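Paired with chain B in one complex and with chain C in the other, chain A is shared by the two complexes that follow.
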Partner chain A sequence: MLKINDLRVEYEKGVPTLDHYDLTVNDGELVSLLGPSGCGKTTTLRAVAGFVDTAGGHITISERDVTKIPPNKRDIGLVFQSYALFPHLTVFQNVAFGLRMRRISKKDQKKRVDEALRLVDLEGLDQRRPAQLSGGQQQRVALARAVVIEPQLLLLDEPLSNLDAKLRVNMRTEIRRLQQRLSVTTLYVTHDQIEALAISDRVVVMNQGRIEQSGTPEEIYKQPQTPFVADFMGFENHFAGTVRAIAADAIDVQAADTTFKATQVSGDLRAGDAVWVYFRSEAAQLATEATPNSLPVTVLLRTFQGNTIEYVIQSDLGEFKVRMPEDQVRFEAGPAYLSLNPDSLIVMPK
Partner chain B sequence: MRRTVSILVLPALLFIFIFFVLPILFLLAQSFLDPETGQLTLTGYIDFFQKETSQIIYVRTLRLGLTITLINIVLAYPASYVLARMPARRRTMAMSLVILPLMTNPVARTYAWLIILGRTGLINNTLLGLGLIERPERLIYTEGAIILGLTQLFLPLMILSLVSAMENIPKDVEQAARSLGANGITAFLRVIVPLSADGLVLGATLVFTGSITAYVTPVILGGNRMLMLSTLLRQRSMMAFDEQGATVVAVVMIVTALAVNLIVRMLRPKPTAQR
Partner chain C sequence: MKISRWYYVSLGIVYFFLLGPFLIIFAASFGAESTLSFPPRGFSLDWFANIFANDNFIRSFWTSLQLGLLSTFLSLLFGVPVAYALTHFDFKGAGLVETLFSLPILVPGLVIGLAMLNFFVLFGKFDMMMGLMAGHTAILFPYSVRVVSVALRNLDPAVEEAAVNLGANRLRTFLLIVLPNIRAGIAAAFILGFITSFNNVPVSVYLSAPGVNTLPIAMLSYMEYYFDPTIAALSTLLILFSLLLVQAAERVLGLSQFV
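Take a look at the complex of A and B:
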């Protein structure tokens, strides 16, 4: 288990990159830190690995406070975006490096390295040099090298960013399978939402050194709690409104001349509060007539995108994007109605 | 295409041939000729390798070259590591400090050593003043003085070679070693050193060949008392007017330098096969 309590990291004195930072990764859990570059996710991982000095707080790995312990004594497996293989050593020697450092006998080294290489499908390549391997193979070696030491904690720093799109999806699945098979506690850093959603037990969205939201991939995807998470998770549309009434199962929000019903609410809200209402472009519908929860709009542009059609529309509440299945009725430029399902609207305090 | 290229290198090649290769060939020929009869002979070489004085000087030259190279490696490795890991801007500044000694005149720089090491130099005066010694120690015209002078002269070269090799070692690779359980020293020895071997070989070759052929420093700090090959060469040709003896020394020096280069190149680890 990894526990971070009240962590503070300063690259520049007095200017914290992380402050009052708390995070727990339970045994066998894979938690990903998700956020744009500069949000502090890599700093967090490097602090856990011991490559960044902490200015306050505690880091505990398996009940052991490692805050002041050097990286080589933290018992971690670390996988880098750049793979960071030892170019002068063979695949076998690369994977055996951590075992050598632990003074494991030659015989056991061989056994464990062979097993680790089998786990990542690299049998028979043990005498190659890193430069003779493809990017995907190199990352597998890096993975084998990190898990062969059976670390208390596995840290992965954007491990797939240097791979091409197709390989990335395959490796993602493989990393997840390997992680579950070894049930190793894992912290995974990425800037790719889809990757984070696909691979994690829990996703922690970070922004400017703070945790915006932490939850299961489904929660993060469906119920963002802050404007930042909503934007980051692909809620392309939002407008401002005011809370009119609150009922047990729904909330009424007024925006321009329309009152919308919404069921997804984040945070404590009271009548009269200013709020943001977010919705996904594919959760909205265009209609020819007004319906409950709809808004008169003008269609500006229609673009064909394969199995969907994307519309850019203008309304009193601003410009929106709507994406509808390709086989539905198409709308021409001109007046129409935007119909919003109450379940697809997310209301959060402004 | 190929023809134009060869035409382009022709002037430089011609220059090197006329002013470098030809003189060396003459030198080589002269070392095998009897100065009186003009007959082919090996006496020059037999004399050189049989005479005790030249034996001593030859061995001393090699020994000093080796010592200076080793001291340079030991001094330069940690410093180069720190330099290579500095942020780019600070490194540029630090590197210009490192090469500053190379910008100063070698004669002036070596005379500065006299101020420190001379009979009435800084060290002797200090020791006398403190009452630690009763009369000035001989510090100059010793092997130690030559080692000091040449180490100082070549340290920048060694550091430059090592830094340029270490700059290319990604920090990630070193951190990977740390994360796998290597402490700082082990990571340095198992990752940084092997990955900077090219720089080490280059630096060591430059320093060694530089040391066994250096002239100004041994003349001023070694004098006639502590001769090296280069100073022996001068003595033979300028003072003893022993033309053939001088050419023999010159050839021995050149062959030794070339041989060391060749041996080092053969011993050097093969570059990893690239895909």
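Take a look at the complex of A and C:
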């Protein structure tokens, strides 16, 4: 288990990159840190690995406080973005390096390296040098090298960002399978939301050194709790409104001349509060006549996108994007109604 | 078309002035007459034989060889740790240190030689060879630091971190991971250093004495008395020696990526 308590990291004195930072990764869990570059996700990972000095707080791995322990004694497996294989050593020697540093006998080294290489499907390549391998193969060597030492914690720093799109999807599945088979506690850093959703038990969205939201991939995808998370998770549309009334199962939000019913609410709201209402382009519908929860709009543009049709529409609440299945009735430029399902509207404090 | 013609013309001029003198020396070293002349008249290898008959040349060649190897080795012994520190630690005054270490490149060799001589004379009795060694080490040191720094900067810092993460301490990381990966840079620094030391005149001229001479100094004093093609023959040999060394290095290490 990894526990980070009240962590503070300063690259420049007095200017914290991370402050009052708390994070727990349970045994066998894969948690990904997701956020744009500069949000502090890599700093968090490097602090756990011991490559960044901490200015306060504690990092505990399996009940052992490692905050002041040098990086070579932390017993962590680490996979780098650039793989960082040792160019002058063979695949076998690369994977064996950690065992060699732990003074494991030659015989056991051989046994464990062979097993690790089998685990990542690299049997028979043990005498190659890194330069003779493809990007995907190098990535597997880096993985084998990190897990062969049977670490208490596995850290992965954007491990797929140097691979092409197709390979990325395959490797993602393989990393997840390997992690589950070894049930190793894992912290995974990425800026790619789809990758984070696909691979994680839990996703932690970070912004400017703070945790915006932490939850299961589904929670993060469906119920963002802050505007930042909603934007980052691809909610293309939002408008401002005011809370009118609150019931047990729904909330009424007034925007322009329309009152919308919404069921997805984040945070404590009271009548009169200013709020943002977010919705995804594929969760909205165009209609020919007014329905409950609908808004008169003008269709500006229609574009064909394969299995969907995307419309750009104008309303009193601003410009929106709507994506509808390709086989549904098409709308021409001109007046229409935007119909919003109460379950697809996310309301959060402004 | 015009541009490319001018390009070839200027290239021709540069080559003429760069290589012309070498060709003249090369041709003159095979001349039969006893004064250095061009174009040479006759053909003779006597002047090459003459080199090997001259004790001073032979002795100073060995001095230069020893001096070159040892002072290059010493400059690397001090230079590698300094390059490591400059590339790995962000400390106050790093810029000043870098400037200080490049002083021997910026200050004219004659000034360094004179300063060194005065410095050693202050200690009274000193060994001439030790003086030469110290002087040459000082002028080679900045080259070693530069070339090794380039090699160190070319190594992905994550590679070192990977070694540390897997349990290696700083020293083992350096010996097992860093050193093998900067081998080519160190070899390049060694060859550059050796050639620089072997060809050096301005520092050596102050620090040599009748008994202890480097080859270039021996050649200078020979020319004060004789003007026969022996010097041309010796120069031809030295040019070939340098060319072989650089070619071998380029073939094996890809020297040109470091300079």
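Please note the rule applied: the second predicted complex is superposed on the first by the 350 of 350 C-alpha atoms of A that agree within 3 Å, B and C clash if a C-alpha of one lies under 4 Å from a C-alpha of the other, contacts with A are read in each partner's own complex, and residues count from 1 in each chain.
Here is the rule we use: contacts are C-beta pairs under 8 Å (C-beta built on N, C-alpha and C of every residue); 3 or more make two chains touch, one makes a residue touch a chain.
Since we're looking at a predicted model, the values are computed, not measured.
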{"item": "Fit-or-clash call for chain B and chain C when the two complexes are aligned on chain A", "value": "clash"}
{"item": "Which superposed partner A:Phe86 touches (first chain B, second chain C, both, neither)", "value": "both"}
{"item": "Per-residue touch tally on chain A - higher for chain B or for chain C", "value": "B"}
{"item": "First, second, both or neither for A:Ala131, with chain B first and chain C second", "value": "first"}
{"item": "Shared contact residues on chain A - chain B and chain C", "value": "49, 51, 70-74, 76-78, 80, 82, 84-88, 97-98, 101-102, 145, 149"}
{"item": "Residues of chain C defined as touching chain A within the complex", "value": "156, 158-159, 161-169, 172, 177, 180-181"}
{"item": "Residue numbers on chain A that touch chain B, as the complex places them", "value": "49-51, 70-74, 76-78, 80, 82, 84-88, 97-98, 101-102, 129, 131-133, 142, 145-146, 149, 155"}
{"item": "Residues of chain A touching chain C in the complex", "value": "49, 51, 70-74, 76-78, 80-82, 84-88, 97-98, 101-102, 145, 149"}
{"item": "Sites on chain B touched by chain A in the complex", "value": "170, 172-173, 175-184, 186-187, 190-191, 194-195, 269, 272-275"}
